[in-house]
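Naming follows writing order (A, B, C and D), and every chain is counted from residue 1.
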Amino acid sequence: MYIAEEPFWDRTLRLIREIWPLGEQNELKDKIHVDLPDSDLNVLRRAISACLGGRGGEVSARSRAAELGRAYLVLGADGRFKFLQLLAREYDVDNVAVEKAIEARNSITSPLELQAANQKLRLLLDPPRARLFQQFNELKEGVKFLVDLRAELIPWSRKDNELKALDQDVHRLLVSWFDIGFLDLRRITWDTPAAILEKLIKYESVHEISSWADMKNRLREDRRCYAFFHPRMPDEPLIFVEVALVSGISDNVQELLDVHAPIEDPLKSDTAIFYSISNCQKGLAGVSFGNFLIKRVVADLTAKLPNLKNFSTLSPIPGFLTWLRGQDESFDLGNKERELWESVQSADDPIEVLSRMVESSGEDDGASNAETLKNLLLTLCARYLALAKRGDQAYDRVAHFHLSNGAQIERINWGANQTQAGMEQSAGIMVNYLYKLSQIEKNHEMYRGRGEITLSSHVKKLLK
Amino acid sequence: MYIAEEPFWDRTLRLIREIWPLGEQNELKDKIHVDLPDSDLNVLRRAISACLGGRGGEVSARSRAAELGRAYLVLGADGRFKFLQLLAREYDVDNVAVEKAIEARNSITSPLELQAANQKLRLLLDPPRARLFQQFNELKEGVKFLVDLRAELIPWSRKDNELKALDQDVHRLLVSWFDIGFLDLRRITWDTPAAILEKLIKYESVHEISSWADMKNRLREDRRCYAFFHPRMPDEPLIFVEVALVSGISDNVQELLDVHAPIEDPLKSDTAIFYSISNCQKGLAGVSFGNFLIKRVVADLTAKLPNLKNFSTLSPIPGFLTWLRGQDESFDLGNKERELWESVQSADDPIEVLSRMVESSGEDDGASNAETLKNLLLTLCARYLALAKRGDQAYDRVAHFHLSNGAQIERINWGANQTQAGMEQSAGIMVNYLYKLSQIEKNHEMYRGRGEITLSSHVKKLLK
Amino acid sequence: MYIAEEPFWDRTLRLIREIWPLGEQNELKDKIHVDLPDSDLNVLRRAISACLGGRGGEVSARSRAAELGRAYLVLGADGRFKFLQLLAREYDVDNVAVEKAIEARNSITSPLELQAANQKLRLLLDPPRARLFQQFNELKEGVKFLVDLRAELIPWSRKDNELKALDQDVHRLLVSWFDIGFLDLRRITWDTPAAILEKLIKYESVHEISSWADMKNRLREDRRCYAFFHPRMPDEPLIFVEVALVSGISDNVQELLDVHAPIEDPLKSDTAIFYSISNCQKGLAGVSFGNFLIKRVVADLTAKLPNLKNFSTLSPIPGFLTWLRGQDESFDLGNKERELWESVQSADDPIEVLSRMVESSGEDDGASNAETLKNLLLTLCARYLALAKRGDQAYDRVAHFHLSNGAQIERINWGANQTQAGMEQSAGIMVNYLYKLSQIEKNHEMYRGRGEITLSSHVKKLLK
Amino acid sequence: MYIAEEPFWDRTLRLIREIWPLGEQNELKDKIHVDLPDSDLNVLRRAISACLGGRGGEVSARSRAAELGRAYLVLGADGRFKFLQLLAREYDVDNVAVEKAIEARNSITSPLELQAANQKLRLLLDPPRARLFQQFNELKEGVKFLVDLRAELIPWSRKDNELKALDQDVHRLLVSWFDIGFLDLRRITWDTPAAILEKLIKYESVHEISSWADMKNRLREDRRCYAFFHPRMPDEPLIFVEVALVSGISDNVQELLDVHAPIEDPLKSDTAIFYSISNCQKGLAGVSFGNFLIKRVVADLTAKLPNLKNFSTLSPIPGFLTWLRGQDESFDLGNKERELWESVQSADDPIEVLSRMVESSGEDDGASNAETLKNLLLTLCARYLALAKRGDQAYDRVAHFHLSNGAQIERINWGANQTQAGMEQSAGIMVNYLYKLSQIEKNHEMYRGRGEITLSSHVKKLLK
């Protein structure tokens, strides 16, 4: 073994030999955290160079990269940080070589030579460490390795520009590996392996799955769940969506999640409600699947359930109250609503006051007050969704996602999510984004091109 | 539909609608050859720009690319040539933008900005058409689409520099898609789908498979066959290798292929003979799998058949006689052999004369002559394999492949392949390349680094 | 080992130990034929008794039965015959015990005791050897073992009454194992394992499959092939049917089998022609699947290809000429036809003369003669199919099969099968049996109840 | 439809049409309970006779039986009871025909005719309703149908002799359907479908699975779980066993079930502890799988984990305290133990007193008392296991199961199960039954033949 004499390698190789044959015992692996003392960095440099040096052929470069990858896996967080920092600092683009290539390119006139020069330049602009990341693919779980590596790298990269550049290299590689054309769409049912359902329970980020009974209820006959998988990470969902098959567009998420709700005949349902979409892999931040997922699920549902006419979401409005807290202007409101709005402005935290009113609104007898409160908040929410922008984009990130995909804002629903989270984000209000198949392309282009948002007449009325 | 008025699209879209739902009926599809008149090129330009222009989102860009891909598929060869030429000429790197970016980069001093400038420059050096090829992945058989497109492109690219650059773009993309980490190694048996066996019969390029009975014989108990597959082309082998499990290193390929040969007990065999490796996809020329295939097959065989001690090939020597025909020097030979060699030099085609001698050597009674002939040709062949070079590489392409992988030249076998092809290539001589597991890395490095070839004592003796 | 000292067992056990681990090497196994000398029969008796004696538990009884089964497998034909004869003679019903039980039963009056007595009697009437056959199921391929055993037993049982009774035991067991509810219907395509397609080629008994190209042609887009499999014999088809998807009811089988015939769009076809049904396992003679196969295939085709309106066979008429050869009456015929019929009666073999006429009828210019010949034979054939009976059953066995299933005789086709076999069986005539879904039940009951055959108007006209 | 005018059928058929297409919606089906008024019994009789009458062919008999089966499924408990009672009373063996056949048989002398007469008699002794049960196999879930039917039938059959005879018919059919040769052994892991794990949670009857986390813990790296399945009930486990891979024979089940116990390397474990075996299907009572399950699991573990040397259970002793409560003799005991035993005899419930002592024994300081108590109960328990019999069988049903399979009583463990159930059954004592591979056959024969139980020296010492 070419570096057998070194202490760091000695340790890691011994560990690898002991641990790897156990196979699935990830728990054991997870408990090992070897240090990487600075005195061993030279050993690491030599190992990296052996992969990148190119003296050996592809096969042995890959074998060495796999060994390097396994060494990375037995390091503790400190060691991994040092490892990545080394890659970030010492295996970046060689700017001297780049400048020479630029100089050479400047004196070229023939188109053919220019093409060659361009290609050479592009190769030089690809940092050597990017090649190493590609080679880690030799590891049996090489794809997952890189996804997990990036999940750890992202927080570090926020505070370190070199690591940020490193992260961009990994991101670029993952974008190519996770091209939508390579992914499998799988339907998730109660017959799906428990190990995968356990992951859905863990990854669900919109409406928490509180138990296995809750999970089972979301997979019953009038529900659907789909996830994307990568062929080399067959046990790891990348993103999943939960759908309810109902009659008419739902306005209340508690009803959808109620385990006691009667089961409908899905062949008679006219509406598919996408009530939850969750990304699963932190390491795939910035690699987008959601739009393709919705498109493919709509296609699959349409083929299997010809009665379906409406495809709509029932979505949270995560930024509403936060945004509202920052507004001090006097909105264009009806009399009663303006009065109510102005009456709370004097409070330390007017939004807090409004929230408390919403929470107690069912209890008191002032029905007309409750109506005013509802009118006020629905109006303000419509404004938020339809008019609040960052540049040309909707301010609300969920709104931006669905509008980019070609949906329209269909309806704003009072009392739609009365959980604590729902109350804190949006005073219990939720919104339906409607995917009208014939309008998707047009909506999409208007929104992306000019920031124009398509609104239903219901929402337009709220804005008047 | 955004370009519904145009005649070219009209035609292709109608055809697509009619043909595609038939699904597997590739035969029908293969019979359609739409023309692409120059007057329609503008339509095509607009369609390409709609994909690349970025006005729409990723989902619609992909849908359009898929449509464009299906249009490509219904074109005849002429139309496809024009299509690719358009991409090659008009969607290459924008050199004006590149030069601007270079200029901007020149004035940068901060490392952070330099990094950003490098990245921007690299993006500009990636031709737009490369993005389009990536998007074709939306097609249901998108991976195969690109492989087949390149198979057609390669011959054209030999005569056209612009198409050659285009081919490099496609090659680069395929190298990334067909990274060894994504491929599946599958064992091929008589229980493999007939559709795949039919392809092996078609793709075998070393020892023709003459019938289904011949195919079956190559999959019997003491034979092995392995192939690489891509998860998105599950019905298309990429490369395959055929292995015989025998006792002692084989010196005759007819015996290996004999359907009447008795079956050995594979658990008792000590030797695995790799007697045929064939690439299957013309469109993957220059994407190398063979080295990884051998490595993985050796690993699998070792795990399952612990008695195996030797891993060797029995290989053709495709360039021997061609090379010999070009040699006029007087080699360092034994007396009788020199005499024989000189005696044929006066003929118009000395190699032809020698070949005829070999063919009739079994028949006459001049046993000593036959021995001289054999000595002469084995000696010359050893010289060819061990000493003939192109630069640092072995002149013989099969030798180069195995030596690069770390094999040594083990034995040169007389009368090993008496088929017409074997006689014409190498006067019936074949060679064993031996993979000694403990030596592979060392051999590999010596050969790649310094062009040094490891020889067995048997071969060394022939060279004296 | 409880019988380790005996010579017969010594030999067989040693062989088993040597051969079995090779697993799939059936060829090796097939070459072993151990003798069973009479002096060893006592050893065998003891081994059988050890299985049936019941001293051990079920687990060890099964293990011993498996050993006995493997011993059977290494015997030559002679040894197997002796083995089965021993079972037939010495392990039949114990009539003394039966008579005692009958006597005891006679004196019973209470219904409860009668029930117990009946059950006891039934158990005694089940021969011990039947239990042994059941136990062979412990063999890894136990189901196939029994099917193959019976295939060998059937010819012997024709000449030996004791073996015949033994065969009935095996038959009864196989009827229960191969209950239709346990079978899998699989569609066979070109993606089916070659090992299975090879078996279809071998088992096809109606229209020989002449090559792999012919096999592939029968699996093309407008053809269907289905087979039944048993979950414990997953590599062995039990019965298969070949179907052509066409427009209108086919009248010519050569056209259906023509590899150059253009492919139709199956979604547009209105007719499914069942042109071949073959049983695969000799050992399952008398276990009927064909009726269920047709029913399930019709259901599957109907679900997938809603355009299909007609389900018909294009069937051979295997007994026509043989039957005709035995007829000397003067049929009720038209003038010309009677003249022709009488003109050949004087020949040694009138049918031979007619056959030769048919073969040469395309060649001569006597068009009206040809017409008379055709009319004569179609009329006679209609009589044969519709009127010739054995008891209440149609004389023709193919006719009987389809009529039992509820089909009607739809059309008799001239020149429909001009192969040698077709000419010899039925002068090239074939018949369509039509499965009218709404009539199947009624036809079936009329035929089974009263032997009444449903005829189309076309056939009725031929009978006038 | 042949009985379309009748009210009962009208109702059931309409329901079937409405409900069945929903497929998996068993919940809906489970809520339907149609009545079966006596006035409709004639309709039912006609339907049964249509199946059994034999006028139609097998295909239509099956279709009608399937219809009948679906009708059964929509009945409420009352209706089902009546349905089964009808079968029990009116479709039993025809004793008149049997007696005629017996009479005819009495006058036979030729062996051949005797064989035929026996066969005829056997057929007559098979009640017609048994044929109907076989035909229900046409239902898509026909096998499960019959298993579930029997689960309902068993309690009814305990109080009704006619239903008891009916149950014997169903039992006989299920024994043949569930022959061990047809079953699949599957390993259960955390990757098994959740729907199946949910069933294990429900069916576990020895050590309750308290949560999904508990379930997961029983499937971790150093645990194994195996179940038998029938190919036609692929989602329903029949029986399953849970195994712990440990070092040395376990003496405490809480430790085995502890979710916090460290994970061992299974490749290093020397002992497999079978700590739980549960039957899953009430309808398969009396169809034995457990012995085969243990045999196959031992074979599989031995092949995969060559380090395993001991195969042992850690088993409950369900009948110990119940048995002890019935003993009033003075056992042959040590002085202290006799004193203790006699001291409690005066109590109303001496066993209750002893139990309370065990529960509080950890708490007080009287270490020597605790020791006496332990000695007393271990001695009594050894007596119970080794000497208490019903006929030749061990009195304890778990002991009988393992002793029948060839195990020996290895060790009796104090404080091995301190759950409430464990205390109530056996004062917290558990026992190891050891499967010594070389002794299994001998132990088995000694136990089955003569009721002799093999004991370890540890147990023998307790008996002195």
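Just so we're on the same page, contacts are C-beta pairs under 8 Å (C-beta built on N, C-alpha and C of every residue); 3 or more make two chains touch, one makes a residue touch a chain.
This structure is a prediction, so every number in the text was calculated from the model and none was measured.
Undergrad: In the touch network of chains, how many steps separate chain B from chain D on the shortest route?
TA: Minimum number of steps from chain B to chain D: 2.
Undergrad: Taking each chain's centre as the mean of its Cα atoms, which chain lies farthest from chain B?
TA: Checked the centroid distances; the maximum from chain B is D.
Undergrad: Go ahead and note the Å separation of the Cα centroids belonging to chain A and chain C.
TA: Their C-alpha centroids are separated by 60 Å.
Undergrad: What is the distance, in whole Å, between the centres of chain A and chain D, each centre taken as the mean of its C-alpha atoms?
TA: Using C-alpha averages as centres, the distance is 49 Å.
Undergrad: Let me have the rounded angstrom distance from the C-alpha centre of chain C over to the C-alpha centre of chain D, please.
TA: 40
Undergrad: Check each residue of chain C and list the ones that touch at least two other chains.
TA: none
Undergrad: With touch defined as at the top, which chains are paired up in contact here?
TA: Pairs satisfying the touch definition: A-B, A-D, B-C, C-D.
Undergrad: Quick one: which bits of chain B touch chain A in the complex? Just the residue numbers, please.
TA: So the residues of chain B touching chain A come out as 55-60, 62, 92-93, 95, 98, 102, 105-106, 112, 114-115, 118-119, 121-122, 125-126, 134, 137-139, 142-143, 161, 165, 168, 176, 179-182, 231-232, 288, 291-292, 295, 404-406, 441, 444-445, 448-449.
Undergrad: Under the touch definition given earlier, write down the residues of chain C that touch chain B in their complex.
TA: Against chain B, the touching part of chain C is residues 21-22, 24-25, 27-28, 190-195, 197-198, 212, 215-216, 221, 235, 263, 265, 267.
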